[in-house]
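Sending over a structure as structure tokens; questions will come in a sec.
First chain written, first letter: the chains are A, B and C, and each begins at residue 1.
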Amino acid sequence: MDGRNCWRRGVLLLLTAVMLTACHEKNTHHVLNIGLAEEPRTLNVWLASDANSRKVLSLIYQPLYVYDPDTLDLVPWLAESMPVYDAQTLSYSVTLREARWSDDTPFTSRDVAFTGSLIQSFKVPRYASDWDFIKRIETPDSRTVRFYLKQPMAAFLTGTLSTPIVQEKEWADFAEKAQTTEKPLTALVNHRMQHPVGTGPFTLEQWRRGAFLHLKRNPHFFGIGKTIGGRTLGPFVDDLVYTVFGTSDVAILALIKGDIDMLWWPIQPGYMADLSRRKEIRLFTNEKSALYFMGFNLRRPPFNDMALRRAVAYMIDKKFIVSRILQGQGTKMFSVVPEENRFWCCTDLPRYGDGMSRENRLKAAYQVLVDAGYSWAVPPVDAAGNLQAAREIRLPGGQPMKRFTILTPPADYDPHRATSGLMIQEWLRELGMPAYARPMAFSSMLEQIKGHHDFDAFILGYGHLGLDPDYVRNLFHSANDKSRGWNMSGYRNSAFDEMADRSISEMDPVKRQALVMEMQKLIARDLPYIPLYKPSVVEAVRRDRFEGWVEMLEGIGNIWSMCQVKPVSSDGA
Amino acid sequence: MTPALLEVNNLSIGYRTAGGIAMAVDDVSFRVDRGGSLGLVGESGCGKTTIGMALMGLLAPNATIVSGQARFEGEDLIAVSGERMRQIRWRRISMIFQAAMNALNPVHRVQDQISEAIITHEPDLSGHAVAHRTRSLFDLVKIPESRLQDYPHQFSGGMRQRVIIAMALACNPSLIIADEPTTALDVIVQNQILSAIGTFQKEMNLGMIFISHDLAVVADVCTHIGVMYAGRMVEYGSRQEVLDCPGHPYTRMLVGSLLTLSDQPADLSGIFVTNGENGAAATGGCPLNLICPDATVVCRREQAGWVDLTGTHRVRCPYAGKGR
Amino acid sequence: MGLKRFVLRRLVEIAVIFFVIMTVLFVLFRLAPGDPVSRMVDPSMTPEDARLLMESMGLDQPLWTQYLYYLKNVATGNMGVSFHYGEPVIDILMNRLPNTVLLFTTSILLSALLGVFLGKIAAWKRGQRTDTLLTIGALFCHTLFLPWLALIMIWFFAYRVGWFPITGMVSPDVWIDPGAGWLAKALDVLHHMALPLMTLILIHFGSYLLVMRSSMLDTLKDDYIITARAKGLEEKTIRDHHAAPNAALPVVTSVGLSLAFSINGGALTETVFTWPGIGRELVFSVSHSDYPLAQAAFLIIAIVVLVANLVVDVLYAYLDPRIRY
């Protein structure tokens, strides 16, 4: 074989390939190219618990109500107006909009009732808890749905009404069959959806696994040309193409090169300096409904002592964490409810050490500990009030404090939490505490904290908190203090439990708000968790391709943006 | 006298070493006639294989021909170009390798290895003709044709040597250099191979250089014998002359040991052992002077020149033929 | 024949090893901390939800029941349903496998060819400048850090020069165009493959070169090379026809095994180039405790490696006629 000839042929082939691809005609459609960090998990809405599947499915399956991007109030979506409450019968009536499914069949109240009964009968995780208090669903006519509640439940408005509605025609046969199997839920979530039928602005065109996912504009979308929530809806793009990028480095290159128009995932602070210098790139910084916190094991010493936890709170310099570790891309937190959740967040809380100098923090913490009976071999503050290197803190009983660990996720999983752990370790050592930060593989860490309750302190975070504050109850209710329960700290406070139980069934938002505020105050006093920070969401888009992005809590990747972005060129023409 | 097939004159070959050039072959001359066969005898390392390799142009890269000529069919093998030498190889001078060597490539069928030589030198030959010749070569060395498709490792040592002989004959060369062709074979196989070589050589009127450490083997097949010691040829003559009246003390030892095996009790007084000086030709004095029973002061001081005993029998020893 | 018996014996061995691997895999994954549900730390999910999910995945069963179920699954060739994707594991793996095989098999074969070719030349020119350059070049490339090299390649060839796409395996705009024929699609894949291929070859050819070079140097000392020279063969023929085939034998073994291991892909390569192959899926399934997917992926790799070992042994016997079983 002639080696040179072979080479030449290879080079020729490559060149042809390059040219063909380069010469490939751009179609006249407006295609919005979106970069994703991970492959969507599934098109089965009942299995889709991951963020990436939801980025696709949220444009296909629609709920009755959505949140307004500015006020975070409920806005009628598939519903025509706000629900009408009848206290007598404990029922809500919802009037539906005139809408059609993407297969051009009408959307009716039966679809809503079917979705509810499906969730209830299969006990679909993540949704079932929003529906198990619904006693009965009536459909007096094709445009009206009436929900009868077993008991007053606050989650109805925020949870139940935000559930994506599926088409009865598409799911009924399958659901019936699945019910006859040994494990109906397994059969349901493992049902393979090829072409989900929805009411949203886009429909699935094709999904080439591992390569891209292509959505097309849904001509039957109910919102086309309408003004909802004060916004005129499109969509104004013909196609959405999602492409997956294995690392953020290459995704950013693709964005700069123009292969994609938007990165639908937060950018690390390290890329911001470069991107903000580029004219063609626009950055959006938005708040996140998130909670990153330090948690304690209240079931065993030393952190079963509230005074010690409070001293720790004094020592943690949240400003330092946000400005240095997060490089400014985040906010300090003082409540377990994010501040952007304006209605529910309590701002009237103690802000331990906030704004204090290091010296004052140390002195404040020292005072808290001294008052609680702690002593030292060498105290951090000497008789004259000067700071000194503390040694060997002793518990109120006089015995020396045993070494304790602060578990954090490893640096490759989340550098911010790992570094924060190290900083907190250093700050606590200033008080003479034998603190040791220990990064641990994420699943091992959860196993140890949630499964075995075998830990002293830890740093974890919830990246996506719902807007409804029912998680405050979940996280601290004594009923959840069990293996794998949400109450990882083992916080037990009957006053809190009582308020929490009342809060979930309080239908009056104002009264419920008061309860949730009180609950936050209890947590801020007792400090089972010390809220630390929440990172901001920084997203990048190309300025020269599309405009009209709608900023919201969690960023620009939302249904509003997708219904409103317009191609830049067509606007100018 | 007809012109010699190969005439080697004053050939000296050295190996470049860190300490300068070490002579491996020093001033060797001989001739081989068509149909004649010269046996080069000497212990291993005496330079005889180096001569063979020099004639094939296959010296190791660190070897260098210091002086001399090798006229073969009108050309000086020492002076021809590399490309010309490549054409001469096998076509006109071929080689039978030591039986102990892996002279055959293990991954190719023997047939291919033989026809390869033919195709290289006679590119115009049809595939059919090549196959035909390969088959007849196998006939010649008495190996069944069915084994042409076999790989070298499937043959016994003797068979393998026959294949190599067949290969050496493949291009009808006029000179064959056989380098220890029977060493490492058992005595019976050795005899078969030797007689086969002898037969072809005579029948095809080939010139042959037969290199061996074993005088008995050389005595069986060669018309002429050259005895080498430490890079020098010390005696050269016809088979009869060398065997019947060895002139050089070293030759006498070799002949003596040859006879003891068959006829008389050994006369061990004449046997001497070399002292490791072998390999590189000594610069001053006769290389044998330390061990030769007949050595004199002169032997220690200077190289002996040739002493012609007859017109064809020469010895490098001042005392040769002096009736001692 | 001997070969037949050898193959039979090896097949039995493979079956036993396979069973052991299967069991070890099961135990290992169950011993590893965490479960697929514990990762879902979303506080809106109730413990009841978590229990239901565990149940739907069959993880509420005692271990030995799970094990028997797993054995039954493997025996019937049904490897179960992925916890993460909710689809049969086989479908997922069969979707990813061709991509991995395409990229890695091609890269190994090309690296080996290049390595053998250059190694041959290096040995032939031993001690000369060509040899020095090739050997140093090979060592240098071999020690490059793959993700770094991959990024540099992407940055330069895809971003700066723009010859190749940045990552991925296809361009959506070609594939969503109904007018694009199979040729355009095939070329599109080739176009995407070029960069990862170049990167892999750059990293891997060096080891083949070094193996080939040293093997070739040994071979050149062999007697049959002298024979070949004596036969008056051209130098090129001697190098390519007599020395190289013998010298390439060790390379064949290493290529065979590399090919087998190539089906696990390279998690790093596949991640940086966003190549939708098995390697990424493997890492993903392990980190997400997707037991069925991880088990099946490892089992497939085990089978391929075991069988490939056998194939290499048999192949070796064909290439080197001296070896017979």
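By our rule, a residue touches a chain if its C-beta (ideal position, glycine included) is under 8 Å from a C-beta of that chain, and two chains touch if they have at least 3 such contacts.
Fair warning: this is a prediction, and the values are worked out from it, not measured in the lab.
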item: Touch-based graph of the chains, sorted into line, ring, star, complete or other; value: line
item: Chain pair whose interface holds the most contacting C-beta pairs; value: A-C
item: Whole-Å gap between the CA centroids of chain A and chain B; value: 90
item: Separation of mean Cα positions, chain C and chain B [Å, integer]; value: 55
item: Distance between the centres, which are taken as Cα means, of chain C and chain A, whole angstrom; value: 37
item: Contacting residues of chain C [partner chain B, same complex]; value: 222-224, 226-234, 237, 241-242, 245-246, 319-322
item: Chain B - residues contacting chain C, complex; value: 56, 58, 86-91, 94-95, 97, 101-108, 116-117, 120-121, 151, 153-154, 167
item: Chain A residues within the chain C interface of the complex; value: 3, 13-14, 16-18, 20-21, 24, 26-27, 31, 33, 39, 41-42, 44, 47, 49, 123, 125-126, 128-129, 183, 185-186, 189-192, 205-206, 208-212, 214, 239, 241, 243-247, 249-250, 253-254, 256-257, 259, 441-444, 446-448, 450-451, 460, 462, 464-466, 470-471, 474-475, 480, 482, 484-486
item: Chain C to chain A touching residues, read off their complex; value: 32-35, 38-50, 52-53, 55-58, 81, 84-87, 95-96, 99, 117, 151, 154-155, 158-159, 162-177, 180, 184, 187-188, 190-191, 194, 270-277, 280, 287, 289
